[in-house]
């Protein structure tokens, strides 16, 4: 790696939450350098945000299209772009960069509509550039540990998968920016909690278990008066191969800040992981005492060690997990830069995972409209 | 209370789990004295068990019918009977005592069939004797605390109810007695996990929230090869008034010993209670820090104090919670003995709660047979 | 066991905390029957309390001496007495019963003065009656489990012992009865927190590790203005054989209800147990993941199983732990009744353990008076 | 802030733990750029490490003295240096940079001897450059929250301070590099566990409470055969103003990875914080339920918010806490750069805190040599 990867950003202006997260994540391992941005749909805000971030004036853009066109022509133009806008912009923005061979690191969900998601898959497949979706929770070392253990047979055949992702911030009507676009179907898509957090829980469940979801039955609600899209969803899951599960996501569950949790049970054992205490993984081999596996501690394996920076007992958190996705992306981009194959252990969520997420939201909405009938994911 | 209540027992012979529990529960507060029993369907075992318990020889019976007939005629015959047999015996046993005016304290589920449950309700309604069902988890002080808080409006209107009851002891095929009858539909009824533990979770959810379940959609499974009734169930819940919820019960979830858990979320706050750590109740008023309310500690109210014996920090457990149901029963029986009204705060599960539990199992089975369609509880 | 052991009680009148605890503990396993009492130093209160408990009028006594004299002469007089008075009465009461051959079950600390303790040891040694001290925390199954593991070498040679027992109820001046005598040196003895709870922590540390304390250095404080005896103590410990430790007890640590905790570390592993969550024992073999051993669950052994009543996941608590001491006492008393040797696995705290506890308090006070100099325990 | 602060590093070559931590911490908030280094006492290793980090060849130095001399003369030489060597090098290295006006960010403990510490204080006082000591645990948001609450009177007058810092990695003899120098008095100083982790616990206790330690009594041990400096220490604490406390640090406590914990009790309430779960702070106002204050969550104040990057429920960890010290240093350096006063809320550990830490180690060793007699800190 001769030089850091030149990174641009679309969205993520001053008052955004996720833009700042992406910037820190890109910085933690020193593999990216932010050099350009179209940081807001308002040209003025983009300018102000870019200046605050110390970007050169000529690389602060009014919109992502101009950015894509010009950066593609620059000698040292960006090699990758982070797309951190509201969901409805993902498709159009990603398209502009992908078709010019610029790698895309895109926030989830993939798009706000299923039609967009399908088109984006084709564009990504046709492009030589990489597409990385930031289902960041798959970057946590103990999530990698869990996946490794399931794949290695520690749990035997999987029977039951319990995924949940409760939050409480939308218990009441909120009108600050983060809440506003997330509760607007035009910008968020047809799913509220299902799109914003349900897709994370769904992706996590599939990532860890390696299972494909076959069908689901969903009962979704919008509890807060006037809310147009779901803020709570109960979903029953049937996986290929016979495993069953449940997924609950909620934005109206007081006492839950960001309580993503996954429990997986198989013929030989069980696993539990909780995002708010991410350095711990509980493992019970059936008939033996429960064990606490810790990040980089006794009992943790290679897949977790690859994703760790500090010794056990020195907690890593959300930003490090997010940074792991960026570092996996960096490994793939650098391999590409050097015309090498991406190392086999490099793992990141792809455009296909993104499509599945949008299919999940779509299926929840369809099922719920049919009184929670079972619907196929695809 | 001039003398302890004379108690008989049906079932609960030497190797039974729940019989011993009932005996300790009856003893803890000193309000019952065990004086008679038909402790097994085998006359020999009944004899041996009765002797081991120090019962007088003439009050150890070969079967419950003889016991009911004779005790009803004795001058100091039993005033109440505990029925702790496998489920399929509950109905016939309870009938014999109820119709002779002997109070019944019966283990759950009420009966093994819905038809029996309906008949038993009528018999109980026609009888002057009391019928107490040991949904023992409602005896825990912090469950009472939770109910009191919900009723007092601490959570506002309830939106979401998450109930779960995972265990792991039936992860593999087991053939000792406790497992054997519980997995036999002839003795357990149509529900496996739904009947044995799902009914507890369902009862607890209704008890705490005060809500009535309107309909459910259930996907039930028997994961262990050869098992005839469910060992895992996913259930979506719709309550009257608009609250929604989920119930998961499982006997095949390694790492869960007896992990009954209830979470309730309303417009103003949330509550969480876990049976394995029963002295704690988590309460989050929306927008404030989470609070840990402890049994008899700061923040705990009258309903919990009534059910407590020792100061905060001195944990009470399963047996004390169970004993609370017995003590509530005692209060009602003594009021009856003295021709007084039962004090208003005395609360115990009734034959009607029992019917609802059997309806719950029946609804789960019906829904699952129709591919998890919504079915009304009644 | 032909009949329950006839039990008397000294102290424990209506408003006492520990008397009620002893009565429930004696009742849980059905091995004792309370038949007599001198329940208060006030004859009137004794009468009222005895009646409330349903004792026969002629076996409610004005004082313990009359009770000892008369009961010793009765054909079916008490076989054992529970002494649950304030500390300063223990010695005189125990003496009256021991010298008449009545077994004594006495609350801790043994006595309020070291001189009394030494005399009581001699009296007990000279008596044919048993003396059982209710260091009840040694009755918890997982404490037995810990002792068994240490004895079995699971931790290797012990190096470090961390014992602590913080409470918060005396953070401010309190004048209800429980607080009043415990803060009065005339009734409590020279130690406040050291006597009331420090002795428990000390006893627990020695019980689990099997180590003898050689010397200690104590810095004791009375933080609440006007308080005459310690409400907080920091103690450094040196055990025979080279292990070192610390003991902290406090009655002024807000947020701690009854937070007795023991941690033991050896050359090969560590253990942690917390009284408020007593069904769990944490074990870490050095270099392996931490394991959660549960009462009656996987990984728990014989010593814990002996002391358990219900399956794992069904929490037992403080009263069951206390009842275990009563049941151990019952086993010894019944062996005595039948002229048999006490079974080898029967274990309870003795008058010698009681002496060590009083020596511990005495040593803390002596050390602290000498600016926390090291003092020998004896 | 026109440009990132140009940073050099002394120590922290390829196989070091803490060097990598400093580099990530410096990077997280984008306020530093690493441009030079003398990364090892071996010139060859320094070269290799510098190249691996992508430093320009002419700014990779053979030793820190040459680096200090040359960088001080460069037009765009380093503005600050991170010193991350074993302890015995801190003094000499810091001196070279301080006397040339280059800001120093130095790992703890300040020096390996008290004499060096005293000299370094004078040098730092005489220098115009800043000296920042990375007692990184004071950078955790909830530690700031705790300090703010104590200062604001939430606990009333402090009575008891319990600090502990157990680890287990030195339970057996280890000879990899991290262990080797930390157990060598020539490089580590007279304290083993006391210096490496005891100083952190001591600093944390003083930081949160605002109290000054007056005297201590220490019993230190080296349990592992052949170990020359302490691997376990028990310390009793007397603070100015009457508060008392205990500090336990250990490297031989199996089951403890990095279990720094602080508990503070005052007349009105108590606080508890645990490093391994750093986003939580437990607060109990006496007589009210315990509350869980979370980073950026309800109940958290300004001091914590200043140090936070992401919303509640998105855990921050060790690296973010460490980065906070770097960002505080950056704020002070930039103020200096611009001839402004450091903003009032900027807080970081100073050379004076470092001196106190070395005095703490010295006092522990002196006290222990005198059989744990009380010794004054100074």
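So that you can tell them apart, the chains are marked A, B, C and D in the order they are listed, and the count of residues begins at 1 in each.
In the analysis below, a residue touches a chain if its C-beta (ideal position, glycine included) is under 8 Å from a C-beta of that chain, and two chains touch if they have at least 3 such contacts.
Worth saying up front: this structure is predicted, and the values here are computed from it rather than measured.
Visitor: Once you count every C-beta pair in contact for both, which comes out on top, A-D or B-D?
Guide: A-D
Visitor: Report back the single chain whose CA centre is most distant from the CA centre of chain B.
Guide: Result for max centroid distance from chain B is chain D.
Visitor: Between chain C and chain D, what is the separation of their C-alpha centroids in Å?
Guide: Each chain reduced to its C-alpha mean, chain C and chain D end up 43 Å apart.
Visitor: What is the distance, in whole Å, between the centres of chain B and chain D, each centre taken as the mean of its C-alpha atoms?
Guide: One centre to the other, that is 55 Å.
Visitor: If you average the CA atoms of chain A and of chain D, how far apart do the two points sit, in angstrom?
Guide: For chain A versus chain D, the centre distance works out to 35 Å.
Visitor: Among the residues of chain D, pick out those that touch two or more other chains and give their numbers.
Guide: 256, 283, 290, 294, 297
Visitor: Quick one: in the complex, what on chain C touches chain A?
Guide: Counting only chain C, the residues touching chain A are 283, 287-294, 297-299.
Visitor: In their complex, what parts of chain A are in touch with chain D?
Guide: Listed in rising order, the residues of chain A that touch chain D are 1, 17, 20-21, 23-24, 27-30, 54, 167, 169, 256-259, 275-279, 294, 297, 309-320.
Visitor: Could you pull out which chain C residues touch chain D in their complex?
Guide: 155, 159-160, 162, 164, 168, 171-172, 217, 219, 221, 223, 232, 234, 236, 238, 244-246, 248, 250, 252-256, 263, 265-272, 282-286, 290, 371-374
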